[in-house]
């Protein structure tokens, strides 16, 4: 009988707290979005599952000594996001960007989303119930970069207690790119602009592709060392990919290594989705700001493209590809292509949009470096 | 000359102790069984090799600062067995079980082996030279579940000093399933029962397969949180497999990740095969109890199937598939199929036996949760 | 304005020190050698990149809490080099050596390079500006073994502050084998000797290949436990390869596992290429001694082969294959084959040279064990 | 022991019941369309490209 | 915010300029030969062996 | 140095002798049957299934 009571006392039912139940529901909601809606499933599935696991009462999976507490060390030390960034580097082809380097400016423009959000987050402090420090604000702002590992890396350094909400917001909005971006793109462009066809991209030699990661790394080392871990690992991955002499490393970095780290990273992020850290008014603020940041970044990219067309009217850029500057590779490039084909089904913008798209990844990492240098 | 003496003093020969030699022989014995007899070679080969390495005099490979001491941290923290369980989940098809959920009761019945052994282990205390605490007894009992990672996980929590013997016993008996089970199955069934043909399994929809791991996890969270780490990671693996949107994670979980962890886990288990922990009367007791647990579990499964046939005579179950409830996937399901075909070569029981087989895995994990909740 | 000053103070430009710039140049030099000259790119590319990363001012990537400081733990604990050795074992076919075990003596002879260098390093202390302890000398000497992971393992135990220079020297000279060895080989052999054709190798049974790693491990355990971690993991890899029952482990050990560890190991070695540890007169000494060690080892192997031909004139050995005893698998075996074909294009020495080649790996590990036993 | 087995049985019997309920719900609410699991088109493209390459080589070699 | 965006722009604009310089340097100094990426011959051999094995089996089965 | 090389030689010479003994023992006690390495039938089945799928697709495409 005692044993029965002991067992009952150890059940989840007798220990369930309302907020844990809510967070498990949030976790299952993320699983639903990941599986049914295919919202960034590679990350949101492990994140959602991690949220469920870490909110099981009495199990202590996310508490000290639990599996997820060990996995979280991989985020805390920065190892997991940096390895993901290396893998992403190994999957990135800078060819389209090198063929048309002007698109880097579109990737830069889209980072307005980050800095706009920074102010937005600080402004939210005026609303009662919200309270963000400058570090919190910087960590939230990076959502506007539409780059998951960068967001997680910055949040783990500046605002670990907001990590769960920030990661969820970043990946959710990346998944929502096909819904958020098109109306903004249509609103800011004329039908004629959407019809602009772009010259075919020049061929980029293998040597240029090999040199580029080195050049980028040197520039980062000289100007923005705080971005060096992120950009460095990204460049390492890209060099492994392009150099052509270590194909077996490239294959592993793009597949098994990034897959394993993705599972671990997702679970560890999910372990930060605890009720006391997620069920707060601030989370609402983060979600609202994230959506604004995305919209703002999209608009900046499009407007920048229009500005560039005014400045140099020869070799016009279709402003739709400016929206791809938010990163979210390759989703936002596809969106640019799709919106372009609504006007002219024979206008293939995909490769042109890949330029600002990968430039956006660099831009976000640079912006992250700026924030880390100024705020930390 | 001094250098020569120093070298001689550092050789294994001048430092060999009889018990280390015996344990190295045990290690080579396990290698022989793994390679020549193909006894669960994926685990017993690294375990045997780990036993050899850790008993080399003066080398200190299993001592603090040695390679195996670091690998053992992966067991102590629970990370390795849980990752293996995730990989097993990604390799498990619950289809046959979902098509015929009654077979879950067979998987439950086979856990009698676990609880019978629990009493047996406590009873062994009456024999001089044996001394098991209740924690030891629970760790030994789990061998009856015929599930390697579950045994290692429970032993690492309850009785780390018995871990080596328990893991060796668990994997050895899993390998001996084709020898231990058939006589018991034949003894407990009539020729007519062995001829029973079962209706073809209904088709299980993809949606049911996706929902099942979630349902299982919720039930565990509510009733038995102590089983949540094991069952949670198992469900994560299975969800990754079935959801269809993260195939690259599924592939890695089933292959490279589980392979790497298997090597590390085996070596780390082997490092616990030291003379002072293995060469004891208790080890004999563990080996005897393990064999009894297996036999008892097999018998319970078969008898449960017969009981179910009495209760609901329509849709009869061939009682041979009850023996597959001990888990040991897919070995015991194959044994059930083979014994069935001795009576009727055209009676294909394999898919029917996979139901209780995977149910046995869940059953063992549930039983492990019960033991951890009651004993820890 | 303050923010601008803060940013400027955080840039690399304002903090660059000359020696960091030099070390970054060294890193890029290694990348050049790896990519353009294909000098052991699998290792030198990550090492070079690690050198660049760890010398970025202000970024602190190699300092405590930085990514490379965590990766370095994998070297400090011995885990990374031992896992690499396991992977190398899984890639090694001992067949040619087992078919002609006399070639083991060639692998032994080539280790004269190691012990010669030991004296050389101690002698260098006579030169002002150089100062090597006996431990340093032993760590440097192992470069003569032409075996990367062995060098890193020994250096991490005996002289961690020289690790960077030693690893770079070891891999560079391994890459230079095709330049360093041929002149020595030609100088020490007559044209007639270079024409010697060797009898076809006998078939080696699978059982012999399975037994060999066990035999080697027992011998190591009895005579030289200090070599047991290295040789043990090497034997484990080879057993996994040859036993035929754990092919999935073998595949992973040879591919994904060794690839991931190679990236991490290289980066961590690179993190030891800091200015204060590398830009010293001692480094020059290490580079010179490494070249001497290689040449000395090559010569010893060739001369040993000639000696064996004198002692047993039946079954003559082509002395060119003696040079392959330095290990550097499979590069030096290919060099032996190529130099032989200069004399007679129809004389295929490759398989014969693989015997001393893999014997050299064992020989280096044995020599490493001797040094560790005597010096530690 | 009795308590232990009781829990195990209770747990798995509950699971039997829930699976039954789920199957019925799924059957009525979402009768399975005969669909093939979708995969990210990127992966599919990559695999197809590989396959085509393998086959092209195979055919080429075979026809030599 | 202005400083932040300024840095980002400055950085990427510098990168645009450097990429341009690099492309011109590469174009003049090392006009791309139409070469195929070399791979270690060991790997190539291994892959070829695998391919041959796959094809051999394919042909054998196909001709049954 | 002499001691060091001595040990290395002793060790490898012993190994030469043991390999010789082993080879003779293996030769007499277990003359090699011409067997193909067995693998777990599960793996083999899986690989065969994959192979069949690859070939089926190949043949199909080839015959288009």
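What to note about this one:
Every chain is named by a letter (A, B, C, D, E and F) in the order it is written, and numbering of its residues begins at 1.
The working rule: a contact is a pair of C-beta atoms (placed from the backbone, for glycine too) under 8 Å apart; a residue touches a chain by one contact, two chains touch by 3 or more.
None of these values were measured; they are calculated from a predicted model.
Note on interfaces A-E and C-E: more C-beta pairs are in contact across A-E.
Relative to the C-alpha centre of subunit F, the farthest chain centre belongs to A.
Centres computed as Cα averages put subunit D at a distance of 35 Å from subunit F.
Note: centroid distance subunit A to subunit D, computed from Cα atoms, is 29 Å.
Distance between subunit A and subunit C, defined via averaged C-alpha coordinates, is recorded as 41 Å. Residue positions of subunit D with contacts to 2 or more other chains are 3, 7, 38, 54, 58. Multi-chain contact residues of subunit C (touching two or more other chains): 3, 7, 38, 223-224, 244-245, 248, 256, 370, 374. Only residues 3-4, 7, 38, 330 of subunit C touch subunit E when the two sit together in their complex. Contact residues of subunit B toward subunit D in the complex are 98, 101-102, 104-105, 107-108, 111-112, 114-116, 118-119, 203-208, 211-212, 215-216, 219, 223-224, 244-245, 247-248, 359, 362-363, 366-367, 370-371, 374. For subunit B in complex with subunit C, the touching residues are 3, 6-7, 10-13, 15-16, 24, 28, 31, 34-35, 38, 41-42, 45-46, 49, 52-53, 56-59, 61, 65-67, 70, 255-256, 259-260, 262-263, 267.
Interface of subunit B with subunit A (complex): residues 77-79, 82, 210, 214, 217-218, 220-226, 228-229, 232-233, 236, 239-240, 243-246, 248-249, 251-253, 256-257, 370, 373-374. Chain contact summary for the complex, subunit E toward subunit A: residues 1, 3-5, 7-16, 18-20, 22-23, 26-27, 30, 32, 37-40, 43.
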